[in-house]
Amino acid sequence: MAIKKIAVLTSGGDAPGMNACIRAVCLAAISVGADVIGYKYGYNGLLKQEYIPLDQYVVRNLLQRGGTILHSARCEKFKHPEQIELAAKHLEDINVDGLVVIGGDGSFRGAKKLQAVWDKPVIGVPGTIDNDITGTDYTVGYHTAIQTAVESLDKVRDTAEAFERIFVVDVMGREAGYIALNSAISAGADHVLLPETFTSAAEELVKILDKLDKRRKNRANKSHIIVITENLWPGGLNVLADSLQAESGVDVRILTLGHVQRGGSPVWQDRLLATKLGTYAVELIQQNEKGMMSAISHRLPAAIPLNDDTLTRKELNTYSMKIRDEITLLG
Amino acid sequence: MAIKKIAVLTSGGDAPGMNACIRAVCLAAISVGADVIGYKYGYNGLLKQEYIPLDQYVVRNLLQRGGTILHSARCEKFKHPEQIELAAKHLEDINVDGLVVIGGDGSFRGAKKLQAVWDKPVIGVPGTIDNDITGTDYTVGYHTAIQTAVESLDKVRDTAEAFERIFVVDVMGREAGYIALNSAISAGADHVLLPETFTSAAEELVKILDKLDKRRKNRANKSHIIVITENLWPGGLNVLADSLQAESGVDVRILTLGHVQRGGSPVWQDRLLATKLGTYAVELIQQNEKGMMSAISHRLPAAIPLNDDTLTRKELNTYSMKIRDEITLLG
Amino acid sequence: MAIKKIAVLTSGGDAPGMNACIRAVCLAAISVGADVIGYKYGYNGLLKQEYIPLDQYVVRNLLQRGGTILHSARCEKFKHPEQIELAAKHLEDINVDGLVVIGGDGSFRGAKKLQAVWDKPVIGVPGTIDNDITGTDYTVGYHTAIQTAVESLDKVRDTAEAFERIFVVDVMGREAGYIALNSAISAGADHVLLPETFTSAAEELVKILDKLDKRRKNRANKSHIIVITENLWPGGLNVLADSLQAESGVDVRILTLGHVQRGGSPVWQDRLLATKLGTYAVELIQQNEKGMMSAISHRLPAAIPLNDDTLTRKELNTYSMKIRDEITLLG
Amino acid sequence: MAIKKIAVLTSGGDAPGMNACIRAVCLAAISVGADVIGYKYGYNGLLKQEYIPLDQYVVRNLLQRGGTILHSARCEKFKHPEQIELAAKHLEDINVDGLVVIGGDGSFRGAKKLQAVWDKPVIGVPGTIDNDITGTDYTVGYHTAIQTAVESLDKVRDTAEAFERIFVVDVMGREAGYIALNSAISAGADHVLLPETFTSAAEELVKILDKLDKRRKNRANKSHIIVITENLWPGGLNVLADSLQAESGVDVRILTLGHVQRGGSPVWQDRLLATKLGTYAVELIQQNEKGMMSAISHRLPAAIPLNDDTLTRKELNTYSMKIRDEITLLG
């Protein structure tokens, strides 16, 4: 299909590689002869018809830059049917032939609703550090967020060992444990607490103490690192720290890595993934595919329908879980 | 099967994550009640019965360290049948129940021959920055090598743009273009030369000049970055640089990234991959699987026979090639 | 003076480069024919006569490692005269000819007291991320801590700009503003709050709002970064964030960088400084200098008495303050 | 003096922090009510009256970016008196009140000549990775270049130790040994070859072999790292490598770090230094100071005349030399 104009926006929590994805959409669109516009502030820009033209000069050197030049935002309004109709009208008014939505599951729900009322392709590209989208092996931003977490954990280990302390480190992930699980294994943490397996504070505390106890028998150094997904411990990290300190008799410190995990120049996997998925999203628009996610599956792009299955939270990698449960005991 | 003793060695070109893999083999072995020894200097240590005991104290904090504490080496001798028989005898003499060989295709050829004359499991773990092993999605060290290359390319871009020069950057990969292809895309290079597609100096020069010419029309900055796999240009990089400078009239500089790509603390994917594959190698020994590679396939460990198929060079990712050919034209 | 045995310890808050300093003391001592021991856990090891021998094998590759292999600790007991006498006795018992104390002002107060009751040299080496020691241009660990803070601030900027938020970032420094001031300038932050100039929450809030207001007029992006020294805002960061959000109407987030600033492989300046000051400390022992700090002054080592002047907090750099007050207004 | 317009240019070899310096000049000029223009391609832009306006929007986020948005270049023409007269005329034609030249000693020679024929201030800011300018403690770019070199040396060590090889690593510095000396000490290299002390290939080879021999007796690992300033060994690095391999019997590899040392986001010291010196350069223009360098001396800006003393190459730090000669022997 001859496409003349493509629009792109970034929505929801920002992720490293969103700019690389904007660049890829733009270059791929230009290479098939289409113009490109970028809506600002996610769906808000679409509702306000607020956009900027994108070309090869604007996206130059965007591949390596963190953040998103289109800005991102949540958009509560976009849940109302009349607003979604308005968005479709805005796209029609300026003759957009296809829209690329870079974001997470919330953004995809919006994309699905918009597709229901607009007859040109709406394509989602999974851009979130949480890696919680079913149907794609990875999401853009995930690789960088874990690398940032692991580099911080490496630094924490230095000071933990110097003082023989227990550190409880809070990483992002919302309700998904991907960042916590893989950063904990990759940093050689002693324990990791995941939303997918969390039972109760009382039970989890017993497990932690049990693991620390076993580990202390197996090595000289008394320092420990425990990784936990954000917002998980009832009452907050201070409650966990106090309990741990009281029970173990060891000095406990807490650290919340926070928004640094969303920033920084993307690592190469997020740059490559963003470039592939952005390019493939434009291909899908050309093929007039509707309501699809431009996903990565077994190292190749794949078109996955944006339906209820996709919008479910992805399960944790089974072998990472096995390693977490069995092998890290002696490290 | 009850295993009592596992041996491990690192062989061939070193790769970031080899230490993480040694640690994983060691911890997994301990967790099933086995002792662990590490042969030094690859197969040389096996031929000289030169090894050290490994335990949780020795491997502590090895996860994040570059290099290999067991040292690596090529071993010409190991191509002779009588030497391979000697190796098998040495393993028997000290009651080894299984051997893990961390290395590349050359090392796997040795492993296959050893398996033919020894009746306990020999398991290969793909450890090479070149990512050229068929049968596994990725190899240990590959992720870090590209990240190092991309960070260097990012720096080269600064100075290339300041002086509006052409830079020709030589990356590793031996006869495989994986590092060149993916680092070029991830760094937004203007062109990449790969062993898999190289025809002749004359033809490739025409292609380069053609691409640079098109790009110059599409942007203000006259700087360009060309990535090339090591040992590829007939006569060496200086020959290419001289031709380019003569034809383009632009100042050309060359840079050989070299052995920095083999060092450094592994990025998280190499740590995680090494941990999974090392752990799974011990599982395979327990299951009495022989002549297998502990590989990663679609995010899960898999046992792949070390046969002629596996020992062929892996083909480049088709979608990366597509992006290289079509999309990067305007960047 | 012929010295036969030198002891070294690390005390107080840990800092990147402490290991490099231990190595330098060790190598310098060996080069003059002396043996070296390292007391563990700061002054605690001295009181318990708990130490390990150090030689060139132990300190190999210590230059680039964060943390301290001797561990660090606070030591309340070391304020009691009888404990200090005990420490002197322990040094005599094993014929130590000189003691090097790597730490901050608290550790130096202990060193001064010990020197008063022992007739061999006690030499302080300034090792603290806070850079708050009068008499030395820089302290070991300071350079790395700021680099870590600046890299985090660079990442925060990405996400701050994407969402056009205000970020309040808490950095270390105890009662000294060096880390906050220089990381804020180096990261292009919009405002910085320092213990040296803090007046009251009410007054400081007015200043912040005034500055943000001026800046908003001068640029499109509405994001801002405010850096604050730890433990400075009355009631904590949440109180500041709530006030800022209420007054500015902009979304405010807080981030506490925390202990990552104490870890990591030291940047080159901390490695070089640690090597120089550790080496010079051994020279001072050879020269039978007592109660001195091995300091850096105008790029060369200098012997500075450990007296009340030295143990005062260093004033902030006047030109950094000028830049903070005048120039950053438009950035 | 009321200044209305300030011009700035970057000249000679590029250095990380040049952009930060352009930003500081621009913000400082705006803060005193002046307009700012930036000449492109060093003195070439001045000769061709080719410049761009600079304001707070253009310099936003320039602090952390490598390279120079004004581009740099050598300018042979600028050695001719009539060209220098032309430059002065161009500055007059557009009513420039002061010119800031960011560059190295060659650029300063041009600045001095221009000052001789123009009656408004020409101020030099030392911007070069070589740190070879007498009269300033440090130059902008120097800190980042060494950090890049040290990080590469850390990686080389991993692979050197894995294979027990000798690595000869070539670093930048033109005729000055600052980068080589301080990166060698900071990376724990075994030997360093400096232009300031180089005698002859024959003599230096003896010294290297002697040092390697002593070191081998003192430690288990047979790997060594030798750092050498660019263009120093007669006949090139291959000649040195061949001699070393023949004499030592150990496998020798060479690595030229090259232009990566000129790129990358500047480390905080270069950002801070650039900000201070750029700001102070504008102050000097306001004070109608002529023919000065905006230098850093003992942590504060200082005005140093651009005369023959300043334009001599700076001597190496004496204590770094002492450490190089005496202490590193056992490491």
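Every chain is named by a letter (A, B, C and D) in the order it is written, and numbering of its residues begins at 1.
Simple rule for what comes next: a residue touches a chain if its C-beta (ideal position, glycine included) is under 8 Å from a C-beta of that chain, and two chains touch if they have at least 3 such contacts.
Note that the structure is a prediction, hence the values are computed from the model and not measured.
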{"item": "Partner chains that chain A and chain C have in common", "value": "none"}
{"item": "Farthest-lying chain, centroid of Cα atoms versus that of chain C", "value": "B"}
{"item": "Approximate Å spacing (C-alpha centroids) for the pair chain C, chain D", "value": "28"}
{"item": "Length of the line joining the C-alpha centres of chain B and chain D, rounded to whole Å", "value": "35"}
{"item": "Inter-centroid spacing, chain D versus chain A (mean Cα positions, whole Å)", "value": "40"}
{"item": "Touching two or more other chains - residues of chain D", "value": "154, 157"}
{"item": "Chain-level touch network, classified as line, ring, star, complete or other", "value": "ring"}
{"item": "Touching pairs - complete list by chain label", "value": "A-B, A-C, B-D, C-D"}
{"item": "Contact footprint of chain B on chain D as seen in their complex", "value": "10, 14, 16, 18, 65-68, 71-73, 148, 152, 154-164, 167, 253, 255-256, 258-260, 262-264"}
{"item": "In the complex with chain C, residue positions of chain D that touch it", "value": "23-24, 27-28, 30-31, 56-57, 59-61, 63-64, 137, 143, 146-147, 150, 154, 157, 182-183, 185-188, 218-221, 265, 267-269, 271-272, 275-276, 279-280, 298-301, 317-320, 322-323, 326-331"}
